[in-house]
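Look at the two complexes coming up: subunit A is in both, with subunit B in one and subunit C in the other.
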Partner chain A sequence: MQFTVDQNQLAQALSMVIRLVQQQNTMAVLGGVQLTASDSGLDVQTTDLFSVMTVKVRAHVIEPGTIVLPAATFNDLIHRLPTATVDVQVDPHSGKAVLKYGRNRATIHGFGNDQLPEFPTFGEGVVSVTLPAGTLTSFARQIIFACSKEESRPILKGIHIELGSGKVVLVSTDGSRLSHAWAALPDYRGPEMRLVLPAKILAEASRLDSSGQPIVVTFRDGFVQFATQDTMLTSRVLDGDYPDYQRVIPQDYQVQIRVPTADLRGSVERAHLIASKDRSNAVKFNHQIGLLQMTASAAEVGQAQEILECDSQGSEMEIMFNSTFIIDALKSFSGEEVMIEFSGVQSPARIRDAANSQYFHILLPLRQLV
Partner chain B sequence: MSRIHRLDRIVADQIAAGEVVQRPASVVKELIENSLDANARQISVHLLQGGQSLIEIQDDGQGIEPDDMALALERHATSKITVLSDLDHSPWLGFRGEALAAISAVSRLTLKSRLPTEPVGRLIRADGGHIRDQDLVAMAPGTVIAVSDLFYNTPARLKSQRSPAAEAGWIQHLVEHLAVGRPDVAFRVDSEERTLLKTPGRGDSHEALYQIYGRELGEALLPVDYTGMTGISIRGWIAPAHLHRGSRHAQSLYVNGRWVVNWILRQAVEEAYRPQVPDRRFPSYWLWIDIPGDAVDPNAHPTKDEVRIDKERQVAALLFRAVHDSLVQKSTAPELALDANIAHESSGEYDQAQWSLVPTESSPADGGILHQEFLELVPLAQWQAKYIIAQGPLGLYLIDQHAAHERLYFEELQRGKGQALVMQPLLVPYALTLTPLEWQALERYRPTFEDAGFEITGSGGTTVMVRSVPQGLRDLPDDPAVFRVILESLVSGTVQHDHPITWIEEPLFAMAACKAAIKAYRPMSHPEMVALIRNMARLVDPRGCPHGRPTLIRLSIEEVDRRFGRKG
Partner chain C sequence: MELLPIIHADADAFFAACHMAEDSSLRSRPIAVAGDPGTRHGIILAANYPARSYGIRTTMRVGEARHRCPGLITIAPQRELYTAYSRRLREIFDQWTPLVEPLSIDEAWLDLTPQMDRWHGDSVKAGQALQASILSHLGITVSLGISINKMLAKQVSDWNKPGGLTILPKDDISQRLWPRPIIELFGCGPSTARRLASWNIETIGDLAKTPISALTSLGIQGERLKTRAQGTDYSPVVPPRITDRQSISVERTLPYNLAPDALTDQSWQPLITELLIRRTSTGLDGRTLVAKYRTSDFTTHTRQITTSQSIHTAAQILTLLHQILARTPITQPVRLIGLGLTDLRLPTTEQMTFWQNV
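On to the complex of A and B.
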């Protein structure tokens, strides 16, 4: 096996795939990156058995073949090469790869004849949609933060994806808050589908956007695949029933408040400084027409009071939230103004970007124990 | 032809004996209990080869009627109860009429007894349960039972016996428990030619403890006297925490006068010591628990040492409170023992001149002795950037700056937990199917869970829905799974505190306190040291850091004087 490849392209490909490689592996070969040279070029692949990523790199292939090399070592070395191209030659018997760059060379011991485990290939009867570049990146920013980080309910560590009727809807929740985002799919004519994708895979898939190309998402029983021209990420989906989230999203709101995003974020962050010193982490929101007042107090630290003028309608209301949840939600907005909507002192509230109705967050207020 | 047949009486007795007589110590236990039931004032035990070749027990009790001598060796022959309901109020230690029969079935036994009213005693010999001969014998009033060649006819049991030294050790510990339990009886144990143990029998348990465990422990013992509202009373002696040991041999609980082993009660006492006793070390205590009679079932176990107790948890909670309060109130700084001291401590000899029977000082109304000590401490310097050297009322003190500061933070965090709580309702309730035991625990502690901020509703069968969780239990995820963790710890019985949720947080408080506190090798200025020591005096429990290390140790002025050859 022998090929010559552009150092920069190979380094970029390795940066993509290396994120799937786990630090600790009981199967040694999983700590490796698989290089497959063929007539169509060089395939760079890694897997953690749950998902697999392959990046195609243009290469001048002299002799085809496959080798698995220790991922971290190979990646670090390729990134530090001083030359524009590198020549890689593998001795199939010893499993050693000789890298030649300019007058210098390095030898890396591979995993011999071991190869990465095969992933099932996608056959017939699949459903696929094409998402414009940037869609996944927006989704990732808008909803990943609300996923659960706890192991107690593994299904909540995933993102619920619902495909159908001209749009795709993504939902995440950790049990106390919920984020909801959607995008139009005017060309989609296929069947309705629901699945739960690990948050980590959505984050990885959104990195495919860096190519600036549209991403083709393909669904099959138990698997999802994200592909651009050069890169392909295939993953299993999570098993289990996702909770019925529709009924926790209120239909009517008694109070609607419109405030500048930056002002609100500043106020809540200052109140949070105090609130976070108290175990409850609570910030009280007091709404009067045209005014939003936020207060926080911690027994041994002090109090904070913030008043914002706002554009509002509805009744006066005092309601208490976990300040961390509010800040997380505000960080996801890019627009100038946010809409905060209360449906009752003990009922879910909605917070969204005033200029963008494609995503929103649902928060349950805290309750004071008497 | 029938294959099932009745076992020969001797074989049946040997099998039954296996339950009661497991090792020489069991023989000693049964026979001493008989002697105590016979109102003996003096009991002496003589052992050869750790009791394997001879156990001889002599008492000055009321003796056995001459006509009863042979019957005494029969199974289920007893003078102590006649109908089963007698058991409920039985003041006797033995009651099943099994002991002598069981012992005689597996040994060569000589029984001698004389009533005080008779001029001579009677003697009876039995081998493996068969009576060999009977005779008259000259002896003092009382009973002497000699058990030789134990297990000679049960080779399997014989083989499994430990070394004579180990068995003698077991017997010694056993008699320690019994002797402390009955300070009004003089006990003596001799093994070969050596006296292992001797108590004066003057009715004072403190004196008995002093005799058995020596001066260091005897002088340090703290009294416990506590009566609960339900008539349960707890009295006795506990050793200060720094005298911890590598085994649990010096722990005795006497429920209604009977020495018992009960895991839950033991846990409760050890929990009270926990801030001061390191892992795998055990505190020493001797506590008499009086529970109104019907609450105890002594007939739960063949060797009678595990009893069933009604309201076990309640008793455990009282025990915890009693021991904890006593420790906090009466602990002084552990004294630094120097080598010279060790040489003449615990010789085991009774030496009236060395000690007075005055128990530890009574506590001042405001706070314990240790609090008072802290109040009067004057820091002199910092040593090695690790310890504060201070002078105080009882000598020279070394204070571990980290341990002390850690304790301070720990209590601050504990106080914080009492503040008004906030709960986070869940958008997606957490469904949980409980085991019957978990369900029971939930039913029992439901108000506690609700006060803490959990909202739990039933959902048919043993499935519950967690609808709200407390917001910000310290460093715990605001996660419904915490609910399960707490339930499980309730079920497994590892919780001693009245408040299970507090208990869950405690180790986390300890860890947070450890991180926040100043570390060793941190230089301290004089005002800082003064401030730290003043604050220690205000703590609820300044004895040790939450991990069990002491906060301070003391070198007494007497010790220093002695070392310099100044006779005060």
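On to the complex of A and C.
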């Protein structure tokens, strides 16, 4: 096996795939990156058994073949090469790869004849949609943070994806807050589909946006694939039933508040400095027409009081939230103003970017116990 | 008349008494509460007075007890039963005064100061009524010590067991308390007693008369013991507040030593259940889980992990436990395992959730 490849392109490909490589593995070969040279170029692949990522790199292939090299070492070395191209030659008997760059060379021991486990390939009869570049990046920013981080509720570590006529809806929740985002798919007329994808896979898939190309998403029983021209990420989906999220989204709101995003964020972040000294991170929101007051206190630390003028309608209300929920939601907004809507002191509230109706967050309040 | 407002109440042979209260046919027969010898708990935990007349004592091995009293009836301990009686005992104490400080499952101090008018200043009458009420409601007897402060009351409550009532007025201290051996002083353990004996302090009176300067090597404990011996320790009777509780813990000696890989989730399950029940009953919020295990060489190991969430489900505990054990795996056979929640606080708020069981 022998090929010559552009150093920069190979380094970029390795940066994409290296994140699937786990530090500790039950199978040693999973710590490796698989290089496959063929007439169509060089395939760079890694897997963690749950998902697999392949990046195609243009290469001058002199002799086809496959080898698995230790991912971290190979990645570090390629990133540090001083030359524009590198020549890689593998001796099939010794399983060693010799890298030649300029007058210098390095030898890396591979995993012998071991190869990465095969992943099922996608055949015909599957459903696929094309997302404009940037769609997944927006989704990732808008909803990943609301996923559960707890091992005890594995299904909530995933993103619920609903493909329906003309649109795709993504939902995440940790049981106390919920994020909801959608994008139009005007050309999609295929079947309705529901599945739960690990949040980590959505984060990885959003990195495919860096190519600036549309991403083709293909669904098949138990698997999802994200592909651009050069890069392909295939993942299993999570097993289990996602909770019935529709009914926790309120239909009516008693209070509507419109306030500048940056002002609100500043106020809540200052209140959070005090609130975070207490376990509950509690910030009390007091609404009177035209005024939003936020207070926080922690025993032996102090109090904070913030008052914002706002554009509001509805009843006066006092309601308490975990300050990190509010801050996380505000960080996801890019618009100038934010809309907050309360449906009751012990009922879910909605918070959204006033300029973007394609996503919103539902937050449950804290209940006062004593 | 001198007021003696403090009562120390101590149930007589409490564990055994609970069983006798449940089954009166046991009253006249020698009974002992003892763990099952097959599970290494083969030790007498409590014996009733008929059994004690055979010389059976707490901590004696079951085998020896049987030898002394072939007709001995042994009963496996029933924690829930004792807890239930303890709670009912406490309910009766509460009717006498709001100032009740439990000392253990079957002992408590009562400060009758706010109630002295009701008893016309006579705490002995109050004590007798208390004993009668407990006997008629629960069918168990308590012995009382009545004095001017907590420590003196505790000091004398076991002088006339069972069912006794001992009064120690201030003027009697030198005559009745001081001749007693130092080991009887509340808070003085065997090793302290040995040290004191080496300084020729043999009785409580010896200690009371020893200048504090001679006790400096005992530190703060020396001062405390001397005050008690003098009868001048006026620590108040303080009802426990729920927030004073620092931790909840449960543990279990295994029927036989378990190799590390034989220690499964199933082994921990009963402890998890018990811990969660205890947590619920206190209403406290804990975020640090402590796992404890004692290996076959009798070394006790404790490991802990803290999370951002209140720990209140079995699944959470199991996940945290797995994390603890993955970090520091158990390498030797284990004879005891335990779980605890620490850093407990009374929560002021609760995060609402969309679904109960997701």
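The rule we apply is simple: the second predicted complex is superposed on the first by the 370 of 370 C-alpha atoms of A that agree within 3 Å, B and C clash if a C-alpha of one lies under 4 Å from a C-alpha of the other, contacts with A are read in each partner's own complex, and residues count from 1 in each chain.
Heads up, the rule we're going with is that contacts are C-beta pairs under 8 Å (C-beta built on N, C-alpha and C of every residue); 3 or more make two chains touch, one makes a residue touch a chain.
Computed from a prediction, not measured in an experiment: that's the story for all the values here.
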Combined model on subunit A where subunit B meets subunit C, clash or fit: clash
Partner chain(s) touched by A:Asn322 [first = subunit B, second = subunit C, both, neither]: both
Which superposed partner A:Ser51 touches (first subunit B, second subunit C, both, neither): neither
Partner chain(s) touched by A:Ser297 [first = subunit B, second = subunit C, both, neither]: neither
Footprint overlap on subunit A, comparing subunit B with subunit C: 150-153, 156, 173, 175-176, 178, 243, 245, 248, 278-280, 282, 320, 322, 346, 348, 364-369
Sites on subunit A touched by subunit B in the complex: 149-153, 156, 173, 175-178, 243, 245, 248, 278-282, 299-300, 320, 322, 346, 348, 362, 364-369
Residue numbers on subunit C that touch subunit A, as the complex places them: 285, 287, 309, 313, 315-316, 318-319, 345-355, 358
Of all residues in subunit B, those that touch subunit A in their complex: 416-417, 419-428, 430, 451, 453, 468, 471-474, 477-481, 484
Touching residues (chain side subunit A, partner subunit C) in the complex: 150-153, 155-156, 173, 175-176, 178, 243, 245, 248, 278-280, 282, 320, 322, 346, 348, 364-370
